[in-house]
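What follows is a single structure, written as structure tokens, with notes after it.
Note that the chains are named A, B, C and D in the order they appear, and that numbering of residues resets to 1 at the start of each chain.
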Amino acid sequence: MDYVYGPGRNHLFVPGPVNIPEPVLRAMNRNNEDYRSPAVPAMTKILLEDVKKIFKTTTGTTFMIPTTGTGAWESALTNTLSPGDRIVSFLIGQFSLLWIDQQQRLNFKVDVVESEWGQGANLDILASKLAEDTAHTIKAICIVHNETATGVTNNLAQVRRILDEYRHPALFLVDGVSSICALDFRMDEWGVDVALTGSQKALSLPTGIGIVCASPKALEASKTAKSVRVFFDWNDYLKFYKLGTYWPYTPSIQLLYGLRTALDLIFEEGLDNVIARHSRLGKATRLAVEAWGLKNCTQSEEWFSDTVTAVLVPPYIDSTEIVRRAWKRYNLSLGLGLNKIAGKVFRIGHLGNLNEVMSFSIIQILHIPSMIRNWLELGNRKGNGLIFLA
Amino acid sequence: MDYVYGPGRNHLFVPGPVNIPEPVLRAMNRNNEDYRSPAVPAMTKILLEDVKKIFKTTTGTTFMIPTTGTGAWESALTNTLSPGDRIVSFLIGQFSLLWIDQQQRLNFKVDVVESEWGQGANLDILASKLAEDTAHTIKAICIVHNETATGVTNNLAQVRRILDEYRHPALFLVDGVSSICALDFRMDEWGVDVALTGSQKALSLPTGIGIVCASPKALEASKTAKSVRVFFDWNDYLKFYKLGTYWPYTPSIQLLYGLRTALDLIFEEGLDNVIARHSRLGKATRLAVEAWGLKNCTQSEEWFSDTVTAVLVPPYIDSTEIVRRAWKRYNLSLGLGLNKIAGKVFRIGHLGNLNEVMSFSIIQILHIPSMIRNWLELGNRKGNGLIFLA
Amino acid sequence: MDYVYGPGRNHLFVPGPVNIPEPVLRAMNRNNEDYRSPAVPAMTKILLEDVKKIFKTTTGTTFMIPTTGTGAWESALTNTLSPGDRIVSFLIGQFSLLWIDQQQRLNFKVDVVESEWGQGANLDILASKLAEDTAHTIKAICIVHNETATGVTNNLAQVRRILDEYRHPALFLVDGVSSICALDFRMDEWGVDVALTGSQKALSLPTGIGIVCASPKALEASKTAKSVRVFFDWNDYLKFYKLGTYWPYTPSIQLLYGLRTALDLIFEEGLDNVIARHSRLGKATRLAVEAWGLKNCTQSEEWFSDTVTAVLVPPYIDSTEIVRRAWKRYNLSLGLGLNKIAGKVFRIGHLGNLNEVMSFSIIQILHIPSMIRNWLELGNRKGNGLIFLA
Amino acid sequence: MDYVYGPGRNHLFVPGPVNIPEPVLRAMNRNNEDYRSPAVPAMTKILLEDVKKIFKTTTGTTFMIPTTGTGAWESALTNTLSPGDRIVSFLIGQFSLLWIDQQQRLNFKVDVVESEWGQGANLDILASKLAEDTAHTIKAICIVHNETATGVTNNLAQVRRILDEYRHPALFLVDGVSSICALDFRMDEWGVDVALTGSQKALSLPTGIGIVCASPKALEASKTAKSVRVFFDWNDYLKFYKLGTYWPYTPSIQLLYGLRTALDLIFEEGLDNVIARHSRLGKATRLAVEAWGLKNCTQSEEWFSDTVTAVLVPPYIDSTEIVRRAWKRYNLSLGLGLNKIAGKVFRIGHLGNLNEVMSFSIIQILHIPSMIRNWLELGNRKGNGLIFLA
């Protein structure tokens, strides 16, 4: 039984999980295998190396944990920090909010630096906090590279510059869930200590692998970090890396083969070309929004996201209804507005293995505004390309 | 190894083979099975009944032959006619031309009724031929329901009216390759004697089944038809139908399961809704062409095809180059102009399991003309939605 | 690239991950979908209900966590217990050992009740501990239903009887990873408080869902349990259950559809028939081992496992070499001996969607002993069915 | 809906269609593509070259026709012969019988050389016919390399020797449906003029491609052959080969990619290793039959087939019932006895992408005779490995 409505393809334009390329679907179309055979460790070894490239690191250590982004967050925090540790964390939207909630529940002392939703992280406050913290009580800076809820990309290079300016030893932990492998991200150059993403995002796989990359400094921290952890414990992985068997527990065979193919596709296109493609399609989406006469939720160009655009709708419209109609009438999945901006924005994902024509189908021809107009029953349909829809 | 270019999906807008729905891909993702087991005949029996519905017949007999449309043509002709038989056949484009070539090579005496490409079958000539043929030397009328090369749909109901008017007993043979299950087709009501289609067309399967439906009159004719045939011989099928084993030779197991799912999808949507959807998307495409300022190859509204639109390009443009660029730059497959109209038209298929957003991606935003303009290097790209493409 | 050796199928006879049925592979062969669409919650709701049936519970609450069995263990423990809590846990093989390790690292005070490997849990010691514990300092009994390393099935009904006898309120936590949906398991009847399994075991899916079922008493305990948890927190799930959106973070769409089909297959066969089938194939395997003149690692019939058989090899043979040769020469995956019994046993899984002929391929004809004999270069190959192998 | 019975895999041991390897299933799991794009012809060109290797020819011309073996037969005959031509054809079982039936219906004058079923072609009669035919009225020798119905392999090298001995110019046409790519076959060395096979046989694909290879002499003959043909006409292919578009009508995209992978697997294993593997598994099957106390339908070792074994059952048993029970009770597909030997033999296919353990599941443990004994209700089940089956 399939629950998706109607003839033709479902059009998936949420910022995750994203469209899976056909070659990846094919690679995953397979029976289980014994993960203790010689084949799976051999494959894992290469994957652990190759996956470093999407983080732009040569010094990091990678973990492919059978979990989601939320679990990857937990892995990053519990392996590097101890209960009571002070951290600085930026609240700029729903996903940074959820990460902060996790940080607090894991018993860290969180300095929450809040921005208006639609703005990026307030790095001036970071600077003043680091300036004050001569005792180095701040153990980590936690920042979401790309806030999926508002379409805001934070300036990580600037975070590094500030840390360097104050010669502050705090760990630099980055949620790259909706950025890594789609936006410019440079783990080594920016001195990021832990970065993470999920398989269902830019890698364009199903959900199921939380990919975490730790710098040597983060690995060192893990030796003394006192947070309780078992499933997420890097040391269990490191023990099996040494043994050459790689897995403390059963991985998804299908996702390993899928990841192999996903990386092959990315390397074949070229990581920088992948990033340039996201930039091109992101800009196109923003131009379309502008052409529709609508506003971007993101308040300034410096924070524009090339993986997701949150579109503000006029106050007399409920964006939830737009998303509902898109799904029901057009088999088209858009992102809802979340929390504070529920009903006020809908979101267009332009993340993952997309191309121009896939994006055309949604970003062009004003068809979103036409839906708005249909909904308001004001619509001069002739003018906007939906002439053939009753 | 995959030969298709670049990231994202290939966009398939040729009028066949067409896009396969995900549920059909899933159904076909299977090992072979013994076609002499109890399961395959049981399944075949139901399929042979269900497939009648797409022909709108209750009296016909269906054959699912492991072949293409060309083979289905040969099956229709050789089972009902004898060498030397006189037939009337309409030449209105490349596919009717190929069928006529086959008819001549099979040694029938063909009265070719030619129209200008872009026009429908000249039924006045049919009427005058029948009027003259009081001796009933004409054994069959052969007509392509929908000429895929020019986007022309012939009026089959009118053919029947003319046959009835002259009480002419000629067999009425219809190529429904790009029409059946997408356009209005009524085998029983229109007294069609043999109709045929291919799995890779409106049924949205891979190539591999030529589906032929024979009226009782056609079956009767097959008893005396003297054309040499073995692989395509209906009698071999009928013999195995009687035995309840159904297959004179090995069918594709995968296509049988695929056809089962394809029919389920069609019946769930409702055949008349499927036809209405083709009508809606066909009209939308024609409106788009009009908006682009281009002309339809089809010369009059009465012949407009709801499954394919052939678009005339200005004389200083080579349409082959448009198709080449669409493929190379946008991973987009359009139909070439064929034979007489090579270089003069490109073709947009709107056939099979499509929906609005899939069609949006191509029919809207003027992106075809923009390609034309790019090619001419005249293009004010800003104005036509391709602003983001270098 | 595929890493598996040679022509023909890989033969997967490890006790997990197990062979995936073709209909499940088909169901998972699909693109991602928006998990916030109306479809995915609707599907999830039914799955959460249906999955209760494999636990034989009507009063339990189910959680489908994107994790492995190890994560499911952690979920069971952290949601019901607080650091420092005293628990009784049975060490009878490698997997119970790993669970105990987790229990200790999560800061519970564990009374480890050890048995010789090859024996079941020592329930007499449980009885005496409960008898002594009139103050009810024991908060939980943790037991592995089926120890995969040794092929030992514990008597859970007896655990319940002992708990009842002493009217002890301890929580009854069961690892059913290699038992649930394959062996007789009765959550409600036996008063189990938390039971758990993994998708890659009897359900015959890929790895990726840890399925946890909590009794009302366990849910109640979760309200006061002080173990730190976020990713594994049941309350996050319960909050989303109430909202009707069901997912605190992104599930694997493919595994949900796969689980739907896996349950359909199980219900169609009948859960009790599935269990009877495991019993039949388990007994057959043991008879084969007997016929080979080899010994079962399991020391007494009362503990025989119907999902995995650990076979003792003569002391002058290294079982690791047998497993290696089976893989290399026959594309056949057997389970290794683990930890204490490494080199001493190899393991044959007979778990999941198997049938007689699949099992024939391994359990019959003495081909394992023949490999042993080949290895020793003693082999009279004629006598044992491997006559055709050089 | 799946029609196959019960849990676990279907066990496919008919001599076609055969088991499809997982990598081939994966390769075919794809959407349609435009066969007029640059990609499909590029791929086709290489396939047409590579497929020659399985015929062991460098001088032949290959055709991949969307049809079955029956269609491939028709292609071989109609392209090289004219109505009334005299041919010598050997009747040794059901498939050679069917080919002869086709030859007669295509209006050739067939000298049928019949052998007892279970024996090979009577080449002495061939020799005497050639000796007499000094006028060269015999235009072709038609022979089935491997008769699938009886498990008989003919000696093609000997046919060539006889033709050479009498310096007879007759065309040498070979049905290699169940031999090519599994048995030793040498088109160039043996001077075969047309050889053919089907995709669902040794290539281990779904049904759908009839692969025909023509020698230069056969191609020359096709220029004057007067048999009526259109769909099967080589000239239509040759015309498109010259154009570089390769396809006179729509091929199955999925089968092309499947064939690519199938050939890759064969070349990776090595064609001669593939043939040696068939030899090994064939011999094993025959030894098993001997061990069961049953007789091979094939009457002499010189004709033993390494791709299929036809097993004679005692006269008081109906082999059809064995096949029925195997399917119903064990989800196991065996070949029926056909025509003259219906009820008297069942057939075990050992053709295609098999390995030792796959074959073990059927050839060992006497389970077929046990079924026989069960059926007779004589069975001492303990003694024969079916002890666990009620």
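The working rule: a residue touches a chain if its C-beta (ideal position, glycine included) is under 8 Å from a C-beta of that chain, and two chains touch if they have at least 3 such contacts.
Remember, predicted model here, so these are calculated numbers, not experimental data.
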Chain whose Cα centroid lies at the greatest distance from that of subunit C: B
Chain pair, B-C or B-D, that carries the greater number of C-beta contacts: B-D
Separation of subunit B from subunit D, taking each centre as the mean of its C-alpha atoms, in whole Å: 33
Where subunit B and subunit C are represented by their mean Cα positions, the distance between them in whole Å: 53
Contacts with two or more other chains, residues of subunit B listed in rising order: 9, 19, 22, 25, 29-31
Subunit A-facing residues of subunit D, complex: 22, 25-27, 29-31
Sites on subunit B touched by subunit A in the complex: 2, 6-9, 11, 19, 21-23, 29, 265, 269, 274, 277, 280-281, 283-284, 287, 330-332, 353-358, 360-362, 364-365, 367, 385, 387-389
Subunit A residues touching subunit C - in the complex, by the definition given at the top: 1, 3-5, 9-10, 12, 14, 16-20, 25, 28-40, 42-43, 66-71, 74, 83, 101-102, 105-107, 198, 200, 206-208, 227-228, 230-233, 248-255, 257, 260, 324, 327, 333, 335-336
